[in-house]
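Chain naming follows the written order as A, B, C and D, and within any one chain the residues start at number 1.
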Amino acid sequence: MAGFREECGVVGVVGDKEAANLIYLSLYALQHRGQEAAGIVTLNKEGSFSGHKAFGLVGDGFNKDILDKLEGKVGIGHNRYSTAGGKMVQNIQPFSFNTAIGSLAIAHNGNLTNASQLRKDLEKSGSIFQSTSDTEIFMHLLARSNEESILERIIEVMKVVKGAYSLLLLTKDRLFALRDPFGFRPLVLGRRGEAVVVVSETCALDLIDAEFEREIAPGEVVEIHNDGSVKSYFPVESSRKAFCSFEPIYFARPDSQIFNEEIYELRKKMGAILARESHVDADVVIAVPDSGVPMALGYGNQTGLPMELGLVRNHYVGRTFIEPSQSIRDFGVKLKLNPVMSCLKDKRVIVVDDSLVRGTTSVKILRMIRQAGAREIHMRLGSPPITHSCYFGVDTPERSQLLAAQRDVEEMRDFIGADSLGFLSIEGLKEALGAANSHNYCYGCFNGDYPEDTGREIEPQPTDDRGPGLRSGI
Amino acid sequence: MAGFREECGVVGVVGDKEAANLIYLSLYALQHRGQEAAGIVTLNKEGSFSGHKAFGLVGDGFNKDILDKLEGKVGIGHNRYSTAGGKMVQNIQPFSFNTAIGSLAIAHNGNLTNASQLRKDLEKSGSIFQSTSDTEIFMHLLARSNEESILERIIEVMKVVKGAYSLLLLTKDRLFALRDPFGFRPLVLGRRGEAVVVVSETCALDLIDAEFEREIAPGEVVEIHNDGSVKSYFPVESSRKAFCSFEPIYFARPDSQIFNEEIYELRKKMGAILARESHVDADVVIAVPDSGVPMALGYGNQTGLPMELGLVRNHYVGRTFIEPSQSIRDFGVKLKLNPVMSCLKDKRVIVVDDSLVRGTTSVKILRMIRQAGAREIHMRLGSPPITHSCYFGVDTPERSQLLAAQRDVEEMRDFIGADSLGFLSIEGLKEALGAANSHNYCYGCFNGDYPEDTGREIEPQPTDDRGPGLRSGI
Amino acid sequence: MAGFREECGVVGVVGDKEAANLIYLSLYALQHRGQEAAGIVTLNKEGSFSGHKAFGLVGDGFNKDILDKLEGKVGIGHNRYSTAGGKMVQNIQPFSFNTAIGSLAIAHNGNLTNASQLRKDLEKSGSIFQSTSDTEIFMHLLARSNEESILERIIEVMKVVKGAYSLLLLTKDRLFALRDPFGFRPLVLGRRGEAVVVVSETCALDLIDAEFEREIAPGEVVEIHNDGSVKSYFPVESSRKAFCSFEPIYFARPDSQIFNEEIYELRKKMGAILARESHVDADVVIAVPDSGVPMALGYGNQTGLPMELGLVRNHYVGRTFIEPSQSIRDFGVKLKLNPVMSCLKDKRVIVVDDSLVRGTTSVKILRMIRQAGAREIHMRLGSPPITHSCYFGVDTPERSQLLAAQRDVEEMRDFIGADSLGFLSIEGLKEALGAANSHNYCYGCFNGDYPEDTGREIEPQPTDDRGPGLRSGI
Amino acid sequence: MAGFREECGVVGVVGDKEAANLIYLSLYALQHRGQEAAGIVTLNKEGSFSGHKAFGLVGDGFNKDILDKLEGKVGIGHNRYSTAGGKMVQNIQPFSFNTAIGSLAIAHNGNLTNASQLRKDLEKSGSIFQSTSDTEIFMHLLARSNEESILERIIEVMKVVKGAYSLLLLTKDRLFALRDPFGFRPLVLGRRGEAVVVVSETCALDLIDAEFEREIAPGEVVEIHNDGSVKSYFPVESSRKAFCSFEPIYFARPDSQIFNEEIYELRKKMGAILARESHVDADVVIAVPDSGVPMALGYGNQTGLPMELGLVRNHYVGRTFIEPSQSIRDFGVKLKLNPVMSCLKDKRVIVVDDSLVRGTTSVKILRMIRQAGAREIHMRLGSPPITHSCYFGVDTPERSQLLAAQRDVEEMRDFIGADSLGFLSIEGLKEALGAANSHNYCYGCFNGDYPEDTGREIEPQPTDDRGPGLRSGI
């Protein structure tokens, strides 16, 4: 379900003479983590950086000529998410900058929770900010540090910043890969022959024929030398882990392994448990493609109901289209999805999607299914109701726009026009994640219980106390 | 499976003041029928034409400013397929031209079988051809005709040309929709309020909120006046019908209805019959997405085997990507598809796709599945072996490149690296199409039995006599 | 003076393995003859054509990649003039087309006077026109001819068409260069090593290091074989010559030799005779740059008055600029020219330009000079008053917009705001062109005496009889 | 003569509701001061900045849509010069940045001589530089200052920086215009109704119909409030003035008034004195257009020799053109200039240009003139030999590439292939600038006598002691 947006994908390559090509392909594989812009910086033989940044998809903004100019065996790349707000070229990462101890380039996935205070302090003492991004705070802190070595500077900075960061830092002779102590965002390490590769998700390793080696641990700093040797440091203590549970639910690609899990299998489990928790009698199960497909398969298997291709996802979505002035009903959704009448007509339909954020899209999808002749529509979501915002690297709507923060399940059911509505419970979600691991996850947006002070005062809201969980609306 | 390429989608709108917008959206819905280029021509109030043509997807080549300039309540549009050969702007349709009886614009889906002879004759008598397209032959014949009225000229031309055409012809006060006597390519009529809409597939009607009215019949000429009134003529006799059986197998969108059938249901039937004809014991069924999905669902239902998302289709396919010089194995396929290891590892896998043309892509897909750990791979195709070329509007490889024209099933199995290989038989295909209708279809590319002389001498080839059918390679 | 616009420049190269590069550079040298669009077609080894066409200047529309694809040792190119009307890609030359005797490409500078009748006849018999250009008439006539050889076809066509054409025709093994019997437009032949080059003006030969050999004669057909051998034919009789006198006055570059004359010297002579005919006492002579410079130099030499740079021509003209809504006075002219106050302040100024068409620009220039402080302004034109339109390849305003067709000299003086106004007389112009040659020129736009029936009825206008000549308005 | 390159043009407008349009037009008028890139920043009603920057000419990088988005009545603009080195978007000015006392935008023409030391210090204390430009040093110093008001900060900074700056600083409610104490680069103040305009040269005032009011003085800070009121401060003492003498020689447009002089008149005087100092008997004087024209006119007047248009400057220069692989002789120069044979053949020609930097272009021009048939070629330069680099805002070649730093006049004459060579002497130059003013100019590049320590050690070179002056090579 659209509404929650991942904020980035990152890639680093050390020791391959086609570093730029590999980064570019990895960014393509991680395109789902950010579509607004992409950038690559490589380290040339002479020790200087080459870079290119472009708005739009990586396949549109880069070409052979550009990649050929990005020489060097070491480099980093970044995909940026798409926001409604103004596009500024200064916000495209990687950022590169000079410090007294040399040139650095940085690519960051995450969000700092103490960013605004840090920024205010830095500006007061004369630092000039070029972008509106949290990432620049890392840069200024690194530049202002009085430590001698870059590693010591990194450690100093990690002690000051709070929040989520899976971050790559390129220097003249090394690549550093950092992950915050909670480990909100994924970051994995792979090998491709002699070369070392660091990426957000394993699907990028697959595309470039690299082998998955291991996750970078929460709180870990990995130092990768140009010769391929790797050192590991744990400079900050990590009281608990807090993997983002929305990564397995929605963000990550189903063919990725992150947080040491197979995403596809987790999603099927969520679908199966969802069925167990909330099944009603029906004729057919359909998914809202593509994100709903694995959960719908799990749901179908669990119930024995046939899964059908009730909604076809257009292959050419992703572009904006002009709507006629005599408005077409549910235009935005129709551009993406079209119902297959024979699966729906006169049927009792279970519609499975991953999550419900604003609910506006679901309204349209359900209306479309209803118009195609469905007799009953039972909406099932493979995740709990979203009642709170995220402060750890996810672009979330205002709380006032989160459907579940404003309404109870019955009201939501009514709003989206379903005959019944069911969510996976938090317990169900934890069951899917596994007893051994579920305490290592963050569920902040489902229950307001953030692993760390978010630096923002959370205003009490009447709907707050309702909390998450399944409230079938039948 | 890539290899056979549809040659076009067409759209006509009469009587809507946002004709250009509706044509544009319809072309977007028909984008799968042609991605090389798109064009729109509208009829202005003053009786002149406005037009715009652009290479690439319709969403890239058109924008609000352009559409606003395409004034008028009547117009036609065209999507062109992508060929390897040189792109020429002259080949983008609709074509417009002047004749002694006024200006005309034309959009054509199909291929003439006597094109080269007609072209030669016309050139000899001084006609100048601008494009390499068959469509221009219509133009010259219409321009040279001595008949008074445009309808008579159309009829004269229909008596001369042979082959496949679903064609729209725009004049200063009417739109004509023509379909060849065999009805190779689809063409359907819809209504949107007062307006009349003609499109290749019903999925385009869905997007613009138009209602499906009926198929335009083989051999029919439909004359649509600017006031919305519709007349129908049958100027040429139709000895038999010959709907392209590849439309339900692959070309059409699964959510379309053409040839008075629901495509999705036909595909599920093909998958179910395929299972009946060729099933082997296995652990899991997967599709080659997206075209293989409906058949795999049918296959799974028939056998009771769970269908899994064994291959994930990247959402950003469609662009060319630069391959590193140290070649990545199966690069082209990897850009599009990635295996989900947990579905495949140590499993006996049935892989369902719609058809097998050259086999080169299947080789790579199967190798990828094998590398992901599959224990056995059983490839199943929802259509018979393709042994012959098509001369009716489909871009087919040379016969020497058609795998089934060169090898028997065992050799094919070996070539693609499967443990077993099974095709739907022609009888099975006919069964899926239905006893009442199956004789109305063309099966030329499966058995060389073309409904009409193709004008091309068909060279005998050693593999010819093998014919279609299931030849399990186990 | 803007207002009369040359309609094209043409280039042909035979026998140089970098034909496309040389054509491209020649088009750059001939850019003043057409800025709307440029095109190049070359003949590949395999006997097929490659081509590229682009709107805008040749330096913007072509690049190395494009030129590299235009293989072959033989080719033609064309610069198109800029018109107010709609830009259509179909109108960009060279045109290429197929006939029963092979493929042809054509590039044409000029205008046919019997075009509309020929076009009507051709359309009636079924020819389809793609462009609005006269040039297409050549194509259809060549395609429809029943002659066996291309040379005979050319001769047949030359007997039918009337008007102005300096034309290049490329076949699979030869280049033909044709010039109409009057020789309105220039066409010269050069050599570059083994290669033969045909261009509109010699300045193009200079740029590519080719040597000028000779003019192609009025009525001549030059046949250039791929081996560099040249044959000459004179298939149509030429009763008289009619070189466009506006070429030496304005169109041609001052560094060119055409019509066997040095343009710069002719212009200086026009300026000197103008001074003899119309001088008044003054302090300084200035040119309207750049076209007025050579005449102003001639004028200054003749009178002994110092010539000054009273108006500076901006180096970046040629782009459209946005005018603020609180309109800037004489904005359009200011973008191009700026006065140098110290040359003008309190001075009696003689302003020399080549010609006066609509007069609207002169109004602004003179107002600017007046504002800079000039005490007296004496406008002098190096050509006679323009009282008639041109039908031979020049884009002329409606007669109603030709200042001299509507007003006498005193009225014109008043209109443009000069203290006196003087034109070169027709006799003076003939004197500059030389007694031996002046009868070989066309003066149609100055006196309505066209060398050939223009096919258009010339409406009598009250100002017609006034005729050209100096009418000092002091 | 190419070789010395101006580094920028600046514009500021306060109090006009079409500020962006006026800045854009002014940048067009100042395009000769920088062609690599242009930028505009305006101050919106809400007190925030809008901006746009683009590579290339201002007419290419800006359009109506862009300008319409640059709302506000106050703004600044900047043209950047073209360097061989890498283009970086970060280097396009105006720069904008946040400080503790608000947002600022800056546009700078000039060069600091203590830039590298200031930069090193700032980097050491943690400032992050985004560009390689000196201008950023201003930004960081302004941001780090502890003064309360922006004016006090500016004054603090002016006491620290050394070198050349004509600089505009935009704040939320005021525009500051600064000029360094030496006044190296021009900066003038104009009025347009209520609005105040600051530009590098008066030619920009002419285009937008603004009236010249006065020069901004060396060492002056002008504070312009949004209501149009203007205050002036002189915070730093100015021991001497040092107007760049190369501005009147070459950089400024001939129609500009800067340093309280008419550039055109100065150039004519330089030409006349040059003639007095170095004339030889000859038949004709020609200029190297366009920069050489005023001096050639002065030279011609002084000697009574006729000036001719011996070289024609192509109107479409400025683009790069592809050279054929069989190299064309003097290709680069031929793209720009073409000789007029009739002025040169068998003549003794005096060729006047403004200056001689590397000499490489002159070699080609003279060879071209020689090939056109000149009997003798006497090269005359309207400025002294350039023996030293500039450190005050001019992009100069390495000293090793300055012809006059390496060779004496006879060697130079031989190198460029002239029959004689003459330069204006420094005394002659001072005479042209006027006894009363000549001590207010910088002649550093002619004699190494810089008005200020350049911060760079000037290596002794054998040719140093030769000094400037006329050394006729006859």
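By definition in this document, a residue touches a chain if its C-beta (ideal position, glycine included) is under 8 Å from a C-beta of that chain, and two chains touch if they have at least 3 such contacts.
All values reported here derive from a predicted model rather than from experimental measurement.
Colleague: Determine the set of chains touching subunit A that also touch subunit C.
Modeller: B, D
Colleague: When contacts are scored as defined above, which chain pair ends up with more C-beta pairs, C-D or A-D?
Modeller: Of C-D and A-D, more C-beta pairs in contact link C-D.
Colleague: So the centre of each chain is just the mean of its C-alpha atoms; given that, what is the distance between subunit A and subunit D in Å?
Modeller: 51
Colleague: Any idea how many Å lie between the Cα centroids of subunit C and subunit D?
Modeller: 37
Colleague: What positions in subunit C touch 2 or more of the other chains?
Modeller: There are none in subunit C.
Colleague: Chain contact topology under the given definition, line, ring, star, complete or other?
Modeller: Looks like a ring, each chain touching just two neighbours.
Colleague: Among all the chains shown, which pairs meet the touch rule set out at the top?
Modeller: The set of touching chain pairs is A-B, A-D, B-C, C-D.
Colleague: Please name which positions on subunit D make contact with subunit A in the complex.
Modeller: 89, 97-100, 123-130, 139-140, 143-145
Colleague: Looking at the complex, which residues from subunit D come into contact with subunit C?
Modeller: Contacts found on subunit D: 18, 21-22, 24-25, 28-29, 31-32, 57, 59-60, 63-64, 67, 203, 206-209, 253-255, 257, 262, 264-265, 290, 293-294, 297, 301, 306-309, 312, 314-326, 328-329, 334-335, 338-343.
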